[in-house]
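Structures incoming, each one as structure tokens.
The following pair of complexes shares a single chain, chain A, combined with chain B in the former and chain C in the latter.
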Partner chain A sequence: MRALSWAYLAVAYAFVFLPVVVLVAFSFQDGRLPVPPFQGFTLDWYGRVLGERDLMEALVNSALVAAVSSLIALILGFLAAHALARVRLPGSVLMRGVLIAPMTVSYLIIALGLLTLFNQAGVRLSLWTAGVGHVVINLPLCFAITYAAMGDQQRNAERAARDLGAPEWKVLALVSAPMLAAPLAAAFFLSVTFSWDEFIIAFLLTRFDVTLPVEIWSMLRSGISPATNAVGSLVFLVSVTLVILLEVFVFRRAK
Partner chain B sequence: MTAGVSIRAVTQRYGSALALDAVDLEIAAGEFVVLLGPSGCGKTTLLNIIGGFAEPTSGSVLIGGRDMAGVAPKDRPTTTVFQDYALFPHMTLAENVGFGLRMRGVSRAARDAKAEEMLALVGLEGRAARRPHELSGGQRQRVALARALAVEPDVLLLDEPLGALDLKLRRAMQDELKAIQRRVGTTFVHVTHDQEEAMAIADRIVVMNGGRIADVGPPRELYLRPKSLFSAGFMGEVNKVPVKGGAAAFGPVAVPDGVLCIRPEAISEGGRLRIGPCRVVETVFFGTYLRAHVAPLAAPDLRLVVHLPQGAEVAAGAVMDLGAQDFTVLEA
Partner chain C sequence: MGWGLVAPALLWTAAFFVLPFAAMVALSFAHMEGREVVRGFDPGNYIRIFTDWTMLKALINSLEITVVVTVVSVVLAYPLAAIIAFRVPARWQRLALLLAVLPFWTSYVVRSYAWLLVLGQNGVVNKALLSLGLITEPLEIAATRTATVIGFVHFFVMLLTLTIYANLIQLSPNYARAAADLGAGRWQTFRHVILPLTLPGVVTGAFLTFVLCIGDYITPQILGGNAELTLPQLIMLQLGRSGNFPLASALSVVLMAVVTLAYFASSRWLRLDRV
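Now for the complex of A and B:
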């Protein structure tokens, strides 16, 4: 029975990670196609990818969009969560629902909606418009995480801060936000990883400057090569690093 | 810094519930006043109204003669010590205590000096760099007190500040609280449901019940000469014997009609108001006294609680001739 449990665990992990392992393994392929058999080890493809200007520009674009859109989503989500957790408003259940609703809507629908809107409004597509899309998808996430973390402890500390003479913005900046540092960091890092990987919205809402997933997609159109595997491995590496940072600096410390 | 508080006809309604019913109270500058009562009596609501956390439905609050209507907590000359301390967990003790001064634009050096002084006042000198989670409950309470006093408020509000501490620590903190209040001279308004705590610290106790003030006075007066049956019962154990036409259940008494209230410790063999021979039903040794339930022979169904001296050797079934040395008669 015990052996069976371990076998189950192994199969489950293999199912999840085998594609990634294959992707990473064939990024070192010493040959023109990332398919078996493995013909030998080389770092050539990484060298070529890192030397390609379009790819590197896209990588910087992705990082910028991820950081800025996540920060905006975090601030908006935190403010909304704080307000809805503290103030009793008529229809606050409905407001909460509406804030979380975009989570259930497909990225494609959100992208198409924003595309139509930007076209109507005459807004030119750019990294900014893709960033707006990423704020739309990450705001509910940031809201949900911070809302769930707000408890009586913060409420009482905020009350004490007001009692000691703090104006509202200082209550938020000096008491509420620092007390919620761990969930805020978790929300931010998760948003960054989602934005970093996101393709559909970035594809439909950018034009000349594109993000990394869009650049990879255009590489794929000219056929697969170990170079695409190398880029994919780099993207995966960044995501994994973010998750590890999150684990080490946020969840570990929160315990 | 100190100021008096005038509460004038303050009424607070929550929907159809009446939390405070036209409460009038004058608190003198520098006075230590305790609002005492069971949960739901309106004492915390009154404290919140003084602190500005709630606006009364009607009536007014004046602090130092200034009407507080529409003045936010941050602009009032009051600070509060909360029951759960409400310290800022991400700040050091110095930052916690200095927070109010920081909000008033005081420089860091001056803040730290004041924080150190306040921490010393509450017996936590040299711990300015610690964080709240490193402290025990009693120490956190001291920090909360230091933080509230650091801005030198005219009135300090204490919302069951000792409620979360164990009994022994609570008694020790009471003495300290009283000593600190004497030293700083600030008006203290303290809420509690513990009548022993109230007696230990108050200059004046305000007994509240059902949104009204049931009785006000210094501890001794309140205990010995209560003005309402509720406060007589809330301030400590009391024997209540109805009197009608100059007679109680155990025989004639020379007091007006009403309810005769006798504290258990006021009953002895020598008391001037004679109860007459009583049979001892049960005794329990309580350390400082022997607690006995007795039934007057003239009224076998009446049970009186009597505190006999520690050394009294009285067994159940014995008959004692008892009288009350001190008593009050209140309207039924």
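Now for the complex of A and C:
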């Protein structure tokens, strides 16, 4: 039974890592196709990819959209969570439901709905319209994470601050937010990774300036190439670095 | 005071989620004349979806793929999460979990592409099997439903391992101890104690899998090819080639209805606010 467990674990890890290993390995392929046989080691594809202007612009666009949309989602989510966790409002169950609802809807539907709306309102598609969509998908996440993290401890500290005469915005900025630093950071980084990697909303709601996943998508149209492997490996490296930083600085400290 | 804080989030959700959805539903009752959208209350799009075999087939394909992917992913992820939670020593658990879901952080588009490299005609799997002499002709996995399912299962096994692990680790060991004291064997303990206690977590994860899988365009488009279409592929075709927004909207409403049905089917166990 014990041996079977370890065998299962090994097979599971092999399955989970197989595509990543193949992706990274063939980004160093000294040849035109990222499939066996391996023809030798080269860093050419990385050089070529880093020198590609469209890709680098898309990368900057993605980072920008991810940072701005996550910040907006975090602020809106935090304020709403604070209100619904603290004050008894009529219909708060319904409001929680409405705020969580986008989580249960496919991104494609959210994208198509926004596309319909923007078309009818005559709004031109840009990075901003994609950013609006990303706030929609990340707001429920930020709300749920901060809502779950609010406890009695914060409530007492906030009450103390209010008794000492702090206005509400000071209570929020100087007491509630710092006490929730870890969940707020977690919500923000999760939103950033989701937005950074999101394809269908960015694909349908941008036009001339595009984000990285959309740019990678258009690379795929011209067939398989070690250049795509190189881009994919770089994106993986960035995401994993973010995850490790989050793990070390946010979750470790939270314990 | 509370209203002022909750209002921005509610307004945002109303303006960019509820309103667009309403606009889409309204558009689904319009129809095309040439390249012009003619508004009205015309159920023609819906009638077409359920009578035109290509459309109905796409819906059936999507449902079949999604159900298979959800079941297979849960069945594979549960033991993985359990092994990490109960077999791996406590100090290594966090690392074991982090490793098990590390490829989660590759770009979604790139992950499907990587599976294409693995499963393709000249891919790693075929080359390995050929050189081992297990097969004489390369297997045709890429551009089939099997490839789509493999790509999906890979992603959702990671997602479900996370959610199921989070559930297992919260269980007090006293439950299992009590069952053992009462003479339950390992299987009985699992079947009658552990599994029912983790069911809400499993169902929540399975529901998320269902929603994300049935609405995904990338994986079937890259791995499944165009031999058979899923619902999202059909929607994207309507948007792109024919510019038929009303039909695309109607298809999306159908997709949404399927997800809503899945929600009600599983709502007894769902804990969406505790993901």
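Note that the second predicted complex is superposed on the first by the 255 of 255 C-alpha atoms of A that agree within 3 Å, B and C clash if a C-alpha of one lies under 4 Å from a C-alpha of the other, contacts with A are read in each partner's own complex, and residues count from 1 in each chain.
Basically, a contact is a pair of C-beta atoms (placed from the backbone, for glycine too) under 8 Å apart; a residue touches a chain by one contact, two chains touch by 3 or more.
All figures in this text were calculated on a predicted structure; none of them were measured in a lab.
With chain A superposed, do chain B and chain C clash or fit?
The answer is fit.
Considering only touches as defined above, state whether A:Leu79 meets chain B (first), chain C (second), both or neither.
Touch status of A:Leu79: second partner only.
Which partner does A:Glu247 reach: the first (chain B), the second (chain C), both, or neither?
After superposition on chain A, A:Glu247 lies in contact with chain C alone.
Of chain B and chain C, which one touches more of chain A's residues?
The partner that reaches more residues of chain A in the superposed model: C.
Kindly classify A:Pro34 by the partners it touches after superposition: chain B alone (first), chain C alone (second), both, or neither?
In the superposition, A:Pro34 touches chain C alone.
So after the superposition, what angle do chain B and chain C open up at chain A's Cα centre, nearest 10 degrees?
100
Looking at A:Ile200 after the superposition, I want to know if it touches chain B, chain C, both of them or none. Which is it: first, second, both, neither?
second
If we overlay the two complexes on their shared chain A, which of chain B and chain C does A:Phe15 touch? Say first, second, both or neither.
The answer is second: A:Phe15 touches chain C but not chain B.
Looking at A:Gly232 after the superposition, I want to know if it touches chain B, chain C, both of them or none. Which is it: first, second, both, neither?
A:Gly232 sits against chain C, while chain B stays out of touch.
Looking at chain B versus chain C in the superposed three-chain picture, what is their shortest Cα distance in Å?
Closest C-alpha pair between chain B and chain C: 13 Å.
Quick check on the complex: what are the chain A residues that touch chain B?
Residue list for chain A touching chain B: 153, 156-157, 159-167, 170, 174-175, 178-179, 181.
In the complex formed with chain C, which residues of chain A make contact?
Residues 2, 5-6, 8-9, 12-13, 15-20, 22-23, 26, 33-37, 75-77, 79-80, 82-84, 86-87, 89, 95-96, 98-110, 112-114, 116-117, 119-120, 132-133, 135-136, 139, 143-144, 147-148, 168, 193, 197-200, 204, 212-213, 216-217, 220, 224, 228-229, 231-232, 235-236, 239-240, 242-243, 247 of chain A touch chain C in their complex.
Of all residues in chain C, which touch chain A in the complex?
Per the stated touch rule, the residues are 1-6, 8-10, 12-14, 16-21, 23-24, 27, 76, 79-80, 83-84, 87-88, 96, 98-103, 105-111, 113-118, 120, 122-124, 127, 154, 157-158, 211-212, 214-218, 222, 232, 235, 239, 245, 248-249, 252, 255-256, 259, 263, 272-275.
What does chain B use to touch chain A in their complex?
Of all residues in chain B, those touching chain A are 51, 53, 72-75, 78-80, 82, 84, 86-90, 99-100, 103-104, 147-148, 151.
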